[in-house]
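In the two complexes below, chain A is the common chain; its partner is chain B in one and chain C in the other.
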Partner chain A sequence: MRLKLRKLMDHALTAGGYLAIGGMALFLLWVLVPVFTKGFGAYVFRGTVEHRRMMLGEFNRGDLARLRAELAEVWRAREPVYRAVAAFERELDAMPAARRKALRSAFREVREGVAVLLGPEPGVPLPALTRRLYGQTRWEQAREKAADILFEETWEYSDAGSRRVLVPRAEQFEGTALAPVFDSVERDLAAMMRPRLTVYPRFLTDRSIDAHFFGGIGPEVLGTLYLSLGAMLVAVPLGIVAAVYFQEYAKEGPSVAFLRSCVNTLAGVPSVVFGLFGLAFFINTLRVSPGKSVLAGALTLALLVLPTVIRASEEAIAAVPRAFKEGAMALGAGRFRTVATVILPAALPGILTGIVISMGRAAGETAPIIFTAAVSVGQMVKPSEVLSQPTPALSWNLYNLCTEHEAVEELRHVQFGMAATLVLIVLALNLAAILLRARVARRLKG
Partner chain B sequence: MKQSVLMSVVLGLSVMAAHAQDKLVMDGSTTVGPIAKAFAETYMRQNPGVNITVSESGSGNGAKALLNGTCDIANLSRHLKESEKKAMSEKGVKPVAHVVAFDALPVIVHPSNRVKGLTIDQIRDIYTGKITNWKEVGGGDQRIVVISRDTNSGTFETFKELVLGNDSKIVASAEYTGSNGGVRQRVQMTKGSIGYAGLGFVDRSVKALDVNGVAPSAESVVAKQYPISRELFMFTNGEPVSDSLAAKLLSMSRTEKGREIIEEIGYVPVPEK
Partner chain C sequence: MNEEAKREGVHLEARGFSVFYGAHEAVCKVDVSVPCGLVTAIIGPSGCGKSTFLRAINRMNDLIPGCRAAGELLFDGQNVYGPEVDAAVLRRRVGMVFQKPNPFPKSIYDNVAYGPRLHDRCKRGELDAIVEESLVNAALWDEVKDRLHMNALGLSGGQAQRLCLARALAVKPEILLMDEPTSALDPKATARIEELIVQLRGRYTIAIVTHNMQQAARVSDRTAFFYEGNLVEFDATETLFTRPREKQTEDYITGRFG
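And then the complex of A and B:
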C-alpha cells in the first residue's frame, strides 16, 4: 500500500514537472512567436516603389536608371488620380456655395489621403518633414491608407451601443470629377505602388530617418552594445575581486555576514531605483559627464548587475575542489598566487556564465538608463564619444516608440523589429555563455 | 617622427574641441518632443556630423535638467513655476524662454461616443468626479473613465490651470498616463473614456470634442477662441550665443521651413507679426 502511494506521488511529481515545463514552453511560444514573426517583417516585407525611392533619396542605394523606368510605369497608373483631383478642384470652385461647403472638407481629406499614400503631389512645393517626402513604403500600410481614401469611418449612435460604419466616399462624390479617383485607387493600387518582396538586412545597422519613420535601428543597437559592454567592463573586475574576497580572504564573522546581506539586498533593489540613483549620484553629484551619457548609463547598469556577478563568481569559486587549493599551497604558492593561477582558472566557466547572463540583463534593462543614458533621437555614438554622449538604446526606444511617439500605429513594424532584435541579442548572449562555458570546461579538462 | 605624433595629438584635440560645438542636448516635454525631434532631424539631415539628442522625459524633468546643467535646451509645454525659477536663480541659472509654437489641448473621447461637445464646467465636473456617467452630459448610459496626464507634465499643469482651477482635485479613480501618445492610446482603446493631449497627437482614431462650442484647430487657437490653448516653450540658460547650435535650432521655429514642420506635425506656428 505504502509502495503504491509512493509510486503515485512519484508519478504526480513527474507529471507536475512536465506540466510546468510544457506551460513554460507554451508561454514562451505565445510571447516569442508574434515577436519574431512580426519583427521579421521589419527585415523582410513587401516594399513599394516608394521604399525604393526613399532608399535612393536618403541612403543613395539602388539603381537610378531602373527606378526612373519604374517611376514612369507608376506614373501611368497615378496620373488619372492627379488629373481627377485637379479637375475636381476646378469643378468645386464653380459649385453653388452650399454644395461646395458640403464637399470641401471631404475633398481635403481625400487629397491628403492621396498625398499620404503616393507621396507629395507633383508640382506642389515639397513638404518640410522627411516623413512626408515619400508615400507609403510598405505594401500592407499602403493598403490601409488606400482604405482611408476609399471609405470614411463614421459612427452610428444608438442606445444599445455605437457601431462603426464605413461609408464609401465614392457615393458622396458620385457624378463629380473626383469619382475616377476611387475607381483608380481600388483597381490600380498595385500598379501605383508596385509592391515587391524586399529584404532589408541593413535595418539592423542603418540610422533612423525622421524619428523612425524610415531607416533602421543602428543607433539603438550600437547604444545597447555600448551600454552592456561598458557595464561589464566595470562590473566584472569589481565583482570577481569581491567574490574572491568573500571566498578566500574574508574570515566568516558578523561583518562579512553583514556585507553579504548588503550584496543580497542590492540584488533585490528595483531597477528604477538604480536609475534614479545613477542620475543623482553619477550625473548630478560626481558629474562624470555633462549630462546623460553612455558612461553614466554603463556605471548605473554595472551597479545593477554587480550582485549577480558577485554571486555567480562566488558559487564558481566555492565549487573549486579544496584539493586544488591545498595542492597549490603545499607546493609553496602564496595566497595570491593560488587564487590567480589555480582557483580563478578553475572557476572560470562558472564566472563566465554569470558574466554573459548579466550582460543579457544589462542589454534588456530600461529603467536604469532612462535618466542616465537614453535619448529618443540621436546619431550613432562614436567610440570616442562614449564618455560624454547619450545614446538611443533598444530597450528604451522600444518603450518610447510604443507609448510616447506621435505615430505609434504607423511604426508597428519598427517596434516589433526592435523587440525581435533585442530578444535575439539576449538569446545570442545566452547561447554564447553556454558555448563558452563548454569550451572553457573542455580546455581545463584537457 | 615625434613632431608628427605631436601634430596628430594637436589635430585630434582640435577636432574634439570642434566636436563640442556640434552637439546639443534637448530634454523635457513629450508635447514639444515631436517638434524638437523634427527640428533636430531636419538640422542633422542638412548638417551631417552634428549630433542633436532629444529626450522626452516630461516638462518637469526638462526644467530639472536645465537647473542641473544637464541639457542645453529644455522643452516645456508650460512656463516655469515660481519654485523652479527660484531654484534656478539660486544656482545661477538664467532661464530664457523661447516660444516655439502654440498648442491647444483637445479633449478627446472614444469615437463611439455620441457626445459632440462639452463646456469647461462640464469637463471640470467630470474630472473632479461630480459627473460620472455620459448620460448626464447627453451621451449614452456609460460610466466615464477619466484619463489624465501625470502630474510631472506641463500638459497636466495647463489643464489644471485652464480647466480645473488650482484648488480642485482630480477624482481618485482617474488614470494617470506618462505621455501624450499614451493618453491617446488609452482613449482609443477604452469606450467611455475621456482624456486630453497636445494637438500634434490627436488623429482620427479618437474624437476631439468642441469645448464651449469651439472645435480645437489651428484657426481657433490663433483667434484665441478655443479655451484650452497654450504656448510651447524651449528654455535656454542665458540668451544663446548667436551662431551657436542652440541659437540656430531655436531660430528654426521662425523660419518658413520650421513653421511648415510645426504645421505638418499638427501644432500652430507662432503668427508672424
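And then the complex of A and C:
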C-alpha cells in the first residue's frame, strides 16, 4: 500500500514538472510567435512606390532613373483621381448652396484621404511635416487608407449598443465629377502604389524619420547596446571583486553577514526605485552629467545587475574544487596569486554565464533608464557623447511608441519590430552565454 | 632517538607540538625529529591526526577556520609558526603532494611551470629546462613530452599524481610532504609512485602519510605511529615493524585494529 502511494506521488511529481514546463513553453510560444511574426514585418513587407520614393528622398538610397520611370507609370494611374478631384472642386462651386453644404465636408475628407494615400497633390506647396511628404509606404496600410476614401465610417445606435457601419461614399457622390475617384481607387490601387516585396534589413540600423513614421530603429538599438555594455563595464569588475572578497577573503562574522544581506536586498529592490535612486544620486548629487545621460543610465543599470553578477560569480568561485586552491597554496602562491591564476580561470564559465544573463537583463530594463538615460525621440548618440547625452533605447521607446505616440495604430510594425529586435538581442546574448560557457568549459576540461 | 638520526642531521623537529580544531586537540604535544634526506612514514588509523600533523608542517591548516597550533615545530632550526615566517615562502621550501591528484585545469607544461613562474622571472629556456627536469624526475617525461600543451585533466590518475609530484619538484623544495599519495591510485600506479619515492630518497627529505603499512615498510627509513592524536612510537622502520616497543603499535601493525 505504501509502495503504491509512493509510486503515485512520484508520478504526480513528474506530471507536475511536465505540466509546469509545458505550460511555460506554451506561454512563451503564445507571446513570442506573434511578436516574431509581426516584428518580422518591419524587416520584410510589401513596400509601395512611396517607400522607394522616401528611401531616395531621405536616405539617398535607390536608383533615381528607375524611380522616375516608375513614378511615370504610377502617374498614369493616379492622374484620373487628381483630375476628378479638380473637376469636382469646380463643380462644387457651381452647386446650389444647400447641396454644396451637404457635400463639402465629405469632399474634404476624400481629398485629405487621397493626400494621405498618395502623398501631396502635385502643384500644391510642399507640406512642412516629413510624414506628409510621402504617401503610404506599406501596402497593407495603403489598403486601409484606400478604404477610408471608399467608405464613410458611421455608427448605428440601438438598445443593444453601437455598431460600426461602413457607408460607401460612391453613393453620396453618384453622378458628380468625383465619382471616378472611387472607381479608380477601388480598381487601380495596385497600379497607383505598385507594391513589391521589400526586404529592409537596415531597419535595424537606420535612424528614424519624423518620430518613427519612416526609417528604422538604429538610435534605439545603439542606445540599448551602449547602456547594457556600459552597465557591464561597471558591474563586472565590481561584482567579481565583491564575489572574490566574499568567497576568499571575508571571515564569517556579523559584518560579512550584514554585507551579504545588503546584496540580497539590493537584488529584491524594484527596478523603478533604482531609477529614482540613479536620478537622485548620479545626476542630482554626483552630477555625473548635466541631465539624463548614457553614463547615468549605465551606472544605474550596473547597480541593478550587480547582485546578479556577484551571486553568479560567488557560486562559480565556490564550485571551484578546493584541491585547486590547496595545490596553488602548497606551491607557495599567495592568496591573490591563487585567486588570479587558478580560482578565477576555473570559475570563468560560471562567471561568464552570470555576466551575459545580467547583460540581457540590463538590455531589457525600462524603469531605471526612464529617469536617468532615456528620451523618446533622439538621434544616434556618438561614442564621444555618451558621457553627457541621453539616448533612445529599445525598451523605453517600445513603451513610448505603444502608448504616447500620436499615431499608435499606424506604427504597429515599428512597435513589433522593436519588440522582436529586443527579444532577439536578449536571446542572442543568452545563446552567446551558452556557447561561451561550453567553449571555456571544454578548454578547462581538456 | 637512535644514533643514525643524529649523525644525518635533523631537518624538521617537533617539540611538544599540538594542533587544535577549535577546542579539539587533534595532535597532542608531539615530539618528532624528521631526519634529513630520509623517508619518514607516518601511519595510524583514520582520525589519528597524522594528516593534520603533515599539513601543519607547511601550514596548510591555516586555511581551515578555527585551526591553530601550539608548541614548537622547527624547520632548519626556525619555528614554522614564528611571527616572522611568511607561509607562502615556507611552502616554497616545503612541497606537498595531496591524496587526490589535483592538477590545475591548465596544460601539462603550465602545471609544472606554475611554481617557478610564481617565484622567479625565468627566461623561456630556463623554464623549459625546469619543466623537463621536473617531469624527468617524476618519471613522466617520456609519456608526455609530445603533448606538453595538452590539458592536464586528460591524464590518467597515476599520471596526474606524478604530474603533481613534478609540479612540487619544480619549485625545488627541501622537504616533500605526501599525504596518502597513492590512496586514489591502482596498484600499478601505486608501484610507480613508490619507486619514485625510493629514487628521490637522499635528494629530498620526505614525509609520507599512508594507510598502507606495507607501503610504509617498503619505502620508509623511519616510521611514526600516531594514535588518537598522540605519537605512540617513532623508530627506524625495520625496528618498528619487527620489534615494536608499544603494545598499541603491535596491535595496529598486526591488524588487530585500525
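Going forward, the second predicted complex is superposed on the first by the 446 of 446 C-alpha atoms of A that agree within 3 Å, B and C clash if a C-alpha of one lies under 4 Å from a C-alpha of the other, contacts with A are read in each partner's own complex, and residues count from 1 in each chain.
As a convention for this text, a contact is a pair of C-beta atoms (placed from the backbone, for glycine too) under 8 Å apart; a residue touches a chain by one contact, two chains touch by 3 or more.
All values derive from a computational prediction rather than experimental measurement.
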State whether chain B and chain C clash or fit side by side on chain A once the two structures are superposed.
-> fit
Touch check for A:M329: first (chain B), second (chain C), both, or neither?
-> second
What is the C-alpha-centre angle with chain A at the apex and chain B, chain C at the ends, nearest 10 degrees?
-> 130
Could you tell me if A:V408 is touching chain B, chain C, both of them or neither one (first, second, both, neither)?
-> first
Figure out whether A:E252 sits in contact with chain B (first) or chain C (second), or with both, or with neither.
-> second
State whether A:I21 touches chain B only (first), chain C only (second), both chains, or neither.
-> neither
See if chain A has more residues touched by chain B or by chain C, and give me that chain.
-> B
Touched partner set for A:T341, first chain B, second chain C, both or neither | second
First, second, both or neither for A:R132, with chain B first and chain C second | first
Name the contact category of A:L444: first (chain B only), second (chain C only), both, or neither.
-> second
Applying the touch criterion given at the start, work out whether A:A374 contacts chain B, chain C, both or neither, answering first, second, both or neither.
-> first
With chain A overlaid, the minimum CA to CA distance between chain B and chain C in angstrom is 36
Which residues of chain C touch chain A in their complex?
-> 58, 60, 63, 65, 88-92, 95-96, 98, 100, 102-106, 114-115, 118-119, 150-154, 164, 167-168, 171
Within the complex, which stretch of chain A touches chain B?
-> 127-130, 132, 153, 155, 157, 159, 161-162, 164, 209-211, 283-284, 290-292, 370-371, 374-379, 381, 384-385, 389-391, 400, 403-406, 408-409
Chain B residues touching chain A in their complex are 16, 19, 23, 25, 27, 30, 33-34, 36-38, 40-42, 44-45, 51-57, 61, 65, 68-71, 111-114, 140-141, 178-182, 184-185, 200-201, 204-205, 257-258, 260-261, 264-266
Quick one: in the complex, what on chain A touches chain C?
-> 251-252, 321, 323-334, 337, 341-342, 345-346, 443-446
